[in-house]
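Just below sit the structures, each encoded as structure tokens.
Two complexes are shown next, each including subunit A; its partner changes from subunit B in the first to subunit C in the second.
Showing the complex of A and B:
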């Protein structure tokens, strides 16, 4: 593989990319840790930063809002949407794999249509749903009123009883195609012989789903859950643009809390401290998750 | 498939009807966006009976969008920023991807790990330090600043993808070109690049889409109205033109056209690649 006179060539080729990555990822990450122990507003030069020790952490941990933001992030934003995406995604992947669609030559159309939300930028996704959910002239309210299910329009994104499910609808809608695509690939990789063997043991559809499909999909599901959890946990745009964390602070999540602390309350140190808490939570999650999934794998072998 | 069950049966509708009902719900918001953008303002402001939903369709909302707002500017900004970031990312990814694909060197594993690690780091967390650095360096509110952020943001994935494509190209070709007197950079861009072109197109398109869709950094780093990107401009309409849903949906439609077109170009490859990446692990 290696030719005799490579010398510094691989380093010369990788250096430009590494400089960009170092300057924009590594240096800010390290500086973020420093900043978490300082007091600074966005309008002051970096030199004016004052060391305040653990004060930023003390103030975010005594703030009752951080607890609810952490709960909202872990439960509503991440756990609920990932679970729904996985359930719907698996159902849809199975439907799209069905030989019936192939027989009617509808598989291609169906597989393209399912990708549509993925082609839409997230900001546009929020715009579309804000309009559908609109209390006065939104199509959903108009439909519900005209069919007599509601007596008057509901501000779905502005009242506490409906706001989380509305935000969840937006997220699941936009992010579902990715899960469907990956699970379909997983389904296609299952050897046909296993289904034939199950059929010979006179296993029904449900039994072959439980004993052939699910165990074979397990590694794929493990990867999908890890990827979607990390992405969603850190997501800012959906909550920020659909509710702004409201009504009040009812849908505040850690990412919007970070933004508000840093750029609305003008305390960059607190923003940095929230960032560290987020990174730590995700690191702990990833470690525990990988350990638990590996252990089960080991027990199986 | 047992023989003889290959024919189409009425029972098939039990699968086809629910599937397409679900697909209709999935596609509906996008259809509704385009439809709304074509409807007259008067029809959107008041409740219109269902029978008169298709009255008076036209391009009025698009005319308002380009006359009354700075949306044309935003499009220009986004095109410029996305195009330049994409070119930079692809060039840098080709150089680094070639090195990682062709050479065995001491820090190779470390470099691959660092590149991978960046993908686990939450982007939101970087905003405070980057905002401060850019303030010190005078890079807030500048094309250059946002482009640098976008190159860094898209580079790690691009390096991995390009490396994968280059791995599939036999090294004999490099050596032949080198004997003919080609430099390393020449080998990369004149020999390997053209052969890996279908893959490079996929990387280019995904990079362009990622930068075109980005909202968070653009909204924090670009503060003056004339420098807003399409996504930030669109989001600012939510408050500013909250009653003119026709115009907001027109802006949303325009913001979606590039991503839909580009996505369609690489759909097959992209989907296959995504799927392979996740299934392999």
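Showing the complex of A and C:
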């Protein structure tokens, strides 16, 4: 039987971490839930909050824009960008791992270049892309007009036919390196013997990719998808800075709705309520996603 | 490791003390009796060199009351509110007129009436103060009107004369005709008119819509004689305003690229004016001053005129900045002295803004190119006409910008957008 001092030691060691978690995570989260049932402006002290029950949630669900904002968030902002990042990320990771780059001694340079967008702060990235997309002075339009592909510049961020693809371009450019780096780490952990065994079984490159690479990368891909989906679903910066939710409300997403409610309309409670709805949606997604992937994993086992 | 506990405890305590000290507000009086005040302003560094000179002069002349100027740009009044509600924050804060009410309602600012009666403003400063309706709530003065501005028409006289347009337009209809003529006669090389027309919450396209509406007898919201808020424009009036600007895009008088532009100082607009690819726009004085320098370097002369219908009372807005004193200040008398100093004519000799005192403004030498502002300012009216309802001006601005942008981009007709705006306003006014 452990002495009383040793018996208390685990509690003593974990208490500081628990305090930090409680102060930095639990308290704000609980306060956010409380705030969702209150009326308070960003200018008032917390003590001036008035209890309004479910009114904030009611106003969210009666807002005519909420449906399209939810669709934009789930489809354009999240599903499309995550799918593109995964596809491109896998391709780039395979390229960066290829023996060709190694042979030409370009692997280090290529890996560094891939990381560059990730080093650019998102605000700067959006500012640069807005300039690139400008209809009159943007380099993209100037190139397209100079080469005769367009007769006049296109306001990519101001017309409905191009605005989402422009926003997606910005997000993919800035966020792709994370996917590449994680997948590259996954590729490096695949034992070479498996490829050698596949080669001995006369497997070609495609067969090696399908039967060796992908199954080994599966756990990494599951984590990457989960992380990028949650991170992108909650993202506010790219849409707000590039289009402000426009033209009209065409690119409005839940995070920009949240910001508008809390800091434009000065209704912190409504903003908090939107935040709770977003958290709930992501929690459901994470549970379902992990359950499905675990079941498949179990099935495979 | 018997010494570990006291060492860790001391380290934690030190961290706590350092953190709390760093978070504290204005510095207390020093041992020699010198008071240090913090004055926070939000204009970009490039526009406040003259103001820094004014603060330096105060510090030279008042060794016992030193002022530290902080710049927190862009304007973030919610940050000031958070600090003040936590018992800290700068002693004196520059505030946009439309934000004063937000700070007055929760009593974040110090009421200034007592100071005004005990230590009044000097002759020549207090006369004809503009925008007092933006700083007075519930019978108390919560901030002092400091600077005044409005949007004037900024134009390139050469571009106008090249298209056969002799004078800047005096009405919106004339502006449309002139802008079309300039665009067509230059074969699209020079756009007749440029303005920020994006659908974002803070897009300055909001000013154009309001100016047009006010010039044609409408207003977004109004308070009736019983004190109830209601919408102030008919669907037809609002639809006509939106259609007016939509037609400018359709006719090529305004470049479509402007539909992605949010701010009047955006390079798309300022470069266009400076290089001659745009003939007319609207801007406030500080932005125009910077643009004019840039244009001169590019060989383009720019000047100003009142906006269309700008000499009609209430057809343009009166903006600017107020000065408020934080209720947490430990030195209200010294802070008031500094506010009075900033409001004096001395400040505006080097600070590139117009004073909110009409008398000081009259005595101020204004460059010829900025006469448009001076002519228009006495006719401009503040956004007090929209303040006091359940709906914030920022929410009205977002709603109007979004719906107008939806029309410019072909998602809605002007009639549908007008109906949506009026519905949104009516719901917003209910709270």
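By definition in this document, the second predicted complex is superposed on the first by the 276 of 301 C-alpha atoms of A that agree within 3 Å, B and C clash if a C-alpha of one lies under 4 Å from a C-alpha of the other, contacts with A are read in each partner's own complex, and residues count from 1 in each chain.
Rule of thumb we're sticking to: a residue touches a chain if its C-beta (ideal position, glycine included) is under 8 Å from a C-beta of that chain, and two chains touch if they have at least 3 such contacts.
Values in this document were obtained by computation on a predicted structure and should not be read as measured data.
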Ask   = After the match on subunit A, would you call subunit B and subunit C a fit or a clash?
value = clash
Query = Should A:45 be classified as contacting the first partner (subunit B), the second (subunit C), both, or neither?
reply = both
Query = So, A:210: does it touch subunit B (first), subunit C (second), both, or neither?
reply = neither
Query = Once the shared chain is lined up, is A:137 touching subunit B (first), subunit C (second), both, or neither of them?
reply = both
Query = When the two structures are overlaid on chain A, which partner does A:288 contact: first (subunit B), second (subunit C), both, or neither?
reply = neither
Inquiry  = Quick one: is A:260 in contact with subunit B, with subunit C, with both, or with neither? Answer first, second, both or neither.
reply    = second
Inquiry  = Let me test your reading of the model: by the given contact rule, A:158 touches which partner, first (subunit B), second (subunit C), both or neither?
reply    = second
Request  = For A:247, decide between first (touching subunit B), second (touching subunit C), both and neither.
outcome  = second
Request  = Enumerate the residues of subunit A that count as touching subunit B in its complex and touching subunit C in the other.
outcome  = 42, 45-46, 130-131, 134, 137, 263
Query = Tell me, which parts of subunit A touch subunit C in their complex?
reply = 41-46, 48, 130-131, 133-137, 153, 155-160, 240, 243-250, 260, 263-266
Key: Touching residues (chain side subunit C, partner subunit A) in the complex   = 77-78, 81-82, 85, 102-103, 105-106, 108, 198-203, 255-257, 259-260, 262, 267-268, 271-272, 277, 391-392, 394-395, 398, 401-403, 405-412, 428
Request  = Write out the stretch or stretches of subunit B touching subunit A in their complex.
outcome  = 1, 6-8, 12, 15-16, 18-20, 22-23, 26-27, 29-30, 32-33, 36, 44-47, 50, 92-93, 95-96, 98-100, 102-105, 107-108, 111, 114-115, 118, 120-133, 135-136, 148-149, 151-153, 155-156, 159, 184, 212-213, 215-216, 220, 231, 234-235, 238, 245, 248-249, 251-252, 255-256, 259-260, 263-264, 267, 271-272, 274-276, 278-279, 281
Task = Report the residues of subunit A in contact with subunit B in the complex, numbered from low to high.
result = 1-2, 6, 9-11, 13-14, 16-18, 20-21, 23-29, 31-32, 35, 40, 42, 45-46, 92, 95-96, 98-101, 103-104, 106, 110, 112-132, 134, 137, 139, 142, 146, 173, 176, 178, 181-182, 184-186, 189, 219-220, 223-224, 227, 230, 233-234, 236-237, 241, 255, 258-259, 262-263, 268, 271-272, 275-276, 278-279, 282, 286
